[in-house]
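Below is one structure, written out as structure tokens; comments come after it.
Residue numbering begins at 1 within each chain, and the chains themselves are lettered A, B, C and D in the order written.
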């Protein structure tokens, strides 16, 4: 299927009458055809949110994307515009755990994501061989307490060189430094293996087992300087009983982590996640 | 909270460029402010669907609702416009089972529905007393094979007299005749106690138990002449095991029936359900 | 249906070989017939847990219940034995919110619980009238900061007088004092309107909305001196989006609170919940 | 972890008093220690079901397994006994779809299954290369209408040669002939991509889309001569909306198919599934 090119805009800013009419009128006047449009008003905060996807006139995609940015800025709106023709480059960070790595690599293979997986960076080399079977370049950047600053600098340089537009932490078991997150300049999606804000921090399945909860969860969120406090994109849970030991929680958790992270990455790459403050609007 | 009056339009018709712009432009020109708008395109069928909710200029709600109908017809769109100021009258049909009756009556009491529950019609008198505790008029119209036609005529006359705009079958255990459904001229929402199309027809929990399924379900749908084949509004399921006998399925099913029916009624009264063919578009 | 009387024993204690054989042998020798038996071993802790339900020889239920207690004590096991012929008396504590009250009262009416709902105690009188429609005695015991100690003494005296064997806090909005919980001597089941341990404390729906979580939850637990830290019996969640304001979370939460609390009460009264430490084993 | 060897017995037969005592007494007398035991009575049918897992006296596993079979037969019970030391050989049948293949292969790699995946048989050669990356022998046995009987004979011979004890149809797109299923003499687990009995037969996602259901499902069942009518082991569902086209249903369905099939295989290999008639008892 060679679907026609579409442009996707995520807008938000102070609410005022006529925004929908202005945006849709602008698109119509330039010969575009709106495929999907979804608005949300946060009445308390007085903020307008919109995701709008349209087919521009043949050949006008690049020019219209640029023009729309100017137009939206003129309305006082923050805006992101992406084209379905562009395929953002994605880099995956891994450690030793391989379930999220395989899951994402296979979904990429199935064509589930609107982007290109261009490289894998591991602080351990365990997944180097298997990355090759997917044809994925693997970069081993080991990290110790002493080398952390240097290793992070190397990661940043590599991301820059690769032109990465998204970083996915696929059970990457190193805490990213505040300095790194400040400099990175690209969204970073992390999967935390608990239903945040419950069981933030380390060993959440052990915490959950000790507390005797009846559901375990996983949370995909943007990584920010406030560890485990970044904007939540997606969450899900699974039922557990007294029969499940910590090992079972870990096994059941793997399924949650895979599907929750994959969904968050799919939504992000589909231009469906709008961040404001420490929350997200997900246009699903 | 005295929220301002809003108008809600449900539109659908042949897709063509500019529809969003035309609709939102029309509203803007008349001084309205769009609160929510949600579009959907069925590419295969070439159909455009929209739910749009806006605050008209102060005092203009009645005039604008009428004008919008004309405007939409001019675009070749089928349209329904409702005002948040109007409270559609709802009539509940019951037999002997009381769980859905109580559930809906209590939710009405909690203010969950954008409509008025004006009467209860029972083919049995079992719920007559309890209806009174909610201040609800109860009409007993018994039905036998011989009196069915006359009883249905009585029901129709009563619905007309009450000005009912929606009928909810809250586990009403009589099959409505094709003739009745042809004449009724108001939407009828039914709750079927299975995950349709599995286990259509009678005694679905017995069927489910006999088949050994691991999930039971409930389905809220519009009643049409094709029994159990009407457009589905909402469905949900619950897990069962070999430990659950038919009695347990019935008990667990009651919870499903209550929540699924209530959600369907809430969506319908909120102007969120658009029917086309034998399917629905639910703008949730 | 006049089902035959069964005895239900909940046992736990140090694991050692032969426990299942000894328990089932004891029952068989006295002419009993085991209907259900479920064991669990906590290998790490070396603890054996069992729920066993049997039909004693005709007429032997009372004698066998007593004899089994002695027998189990001789095995070094903590034990609770209940007879299906006994109907434990339950008292509900309420404030102003009525959804859990109605839900439990109606389920009692449907015969879902193995116990008798004998009274309702309210710190507000709002539900006094409606309690009457269910034929339930209502006791109004108002509480202020100054009168708290006296009011709790009154509650304790009333529970004693009524012979209550279980207290259910159906959205009772007063914190029970440590002194009260020490003296009460009966299990108390509470419903907390969040997925504990997330959002413990007050206004959990507001906390959840502020954090931007994608699921809200409810937790039924035994009330202990450690507020919101008691053994968890049951939990469930519902999906929310950015479209849901705090009011929607509260509405959706009501459904969760009702079903989670009812399930916990049903399990407790069915002799299915065994507490050890600050966790539960639920034999469902 | 070198866990001690356990024996697992699945028993069923006519109910009568003393069965639990007899079985647990037999194990105790031979020096065994019961780890888990779970009974179920189907009162209507008068059938007793039990799963019992125990550690036999050191060195006695083989002898006790044989002796237990004789003992159970003497009680009039049908019985299966497996040892945790044995690792049943499993053969996967595939066609072109690879999601279930990868999922199972990776879970095997993670150690989730109590068995050995020894070979993959494909009627197409598409997955031959990728099977090698997992170190799995791949056998290509093409099938056409003309060669079906011969191809099935070849499959049977290969299963025999490999000593297969379980066949898993991982989205194998050929209908197995009644003759094949009669001769195979090993359990066959199939994944059907719908919530059976809804949408049996071909193209279930297309059927589901056409009907406008709000949930799609997947069903793992034992394959029998009655197509799509075999005993159900596990089922799950996922929510869909009008926004999801057939392609989306297929994508969402892949996740369901993977997790439902994997769970069924895990339960089967863990000796947790007892078939009787066309239903299953799953001791989870």
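Keep this in mind: a contact is a pair of C-beta atoms (placed from the backbone, for glycine too) under 8 Å apart; a residue touches a chain by one contact, two chains touch by 3 or more.
Note that the structure is a prediction, hence the values are computed from the model and not measured.
Engineer: Would you identify the chain whose Cα-based centre sits farthest away from the centre of subunit C?
Structural biologist: Chain centre farthest from subunit C's centre: A.
Engineer: Comparing each of A-B, A-C or A-D with B-C, which pair has over half of its contact pairs in common by residue number?
Structural biologist: It is A-D that repeats the B-C interface.
Engineer: Using mean C-alpha positions as chain centres, tell me how far subunit B is from subunit D in Å, no decimals.
Structural biologist: Inter-chain centre distance comes to 42 Å.
Engineer: Starting from the mean Cα coordinates of subunit A and subunit D, work out the distance between those two points in Å.
Structural biologist: Distance between chain centres, rounded to whole Å: 36 Å.
Engineer: Using the touch definition from the top, which residues of subunit C touch two or more other chains?
Structural biologist: Residues 40.
Engineer: Could you pull out which subunit A residues touch subunit B in their complex?
Structural biologist: Per the touch definition, subunit A meets subunit B at residues 17-22, 24-25, 27-28, 31-41.
Engineer: Residues of subunit A touching subunit C in their complex?
Structural biologist: By the definition above, subunit A touches subunit C via 40, 42-44, 49, 195-199, 211-215, 217, 231-237, 241-243, 245, 278-282, 284.
Engineer: Enumerate the contact residues on subunit A facing subunit D in the complex.
Structural biologist: 98-99, 102, 106, 110, 112, 133, 251, 254-255, 259
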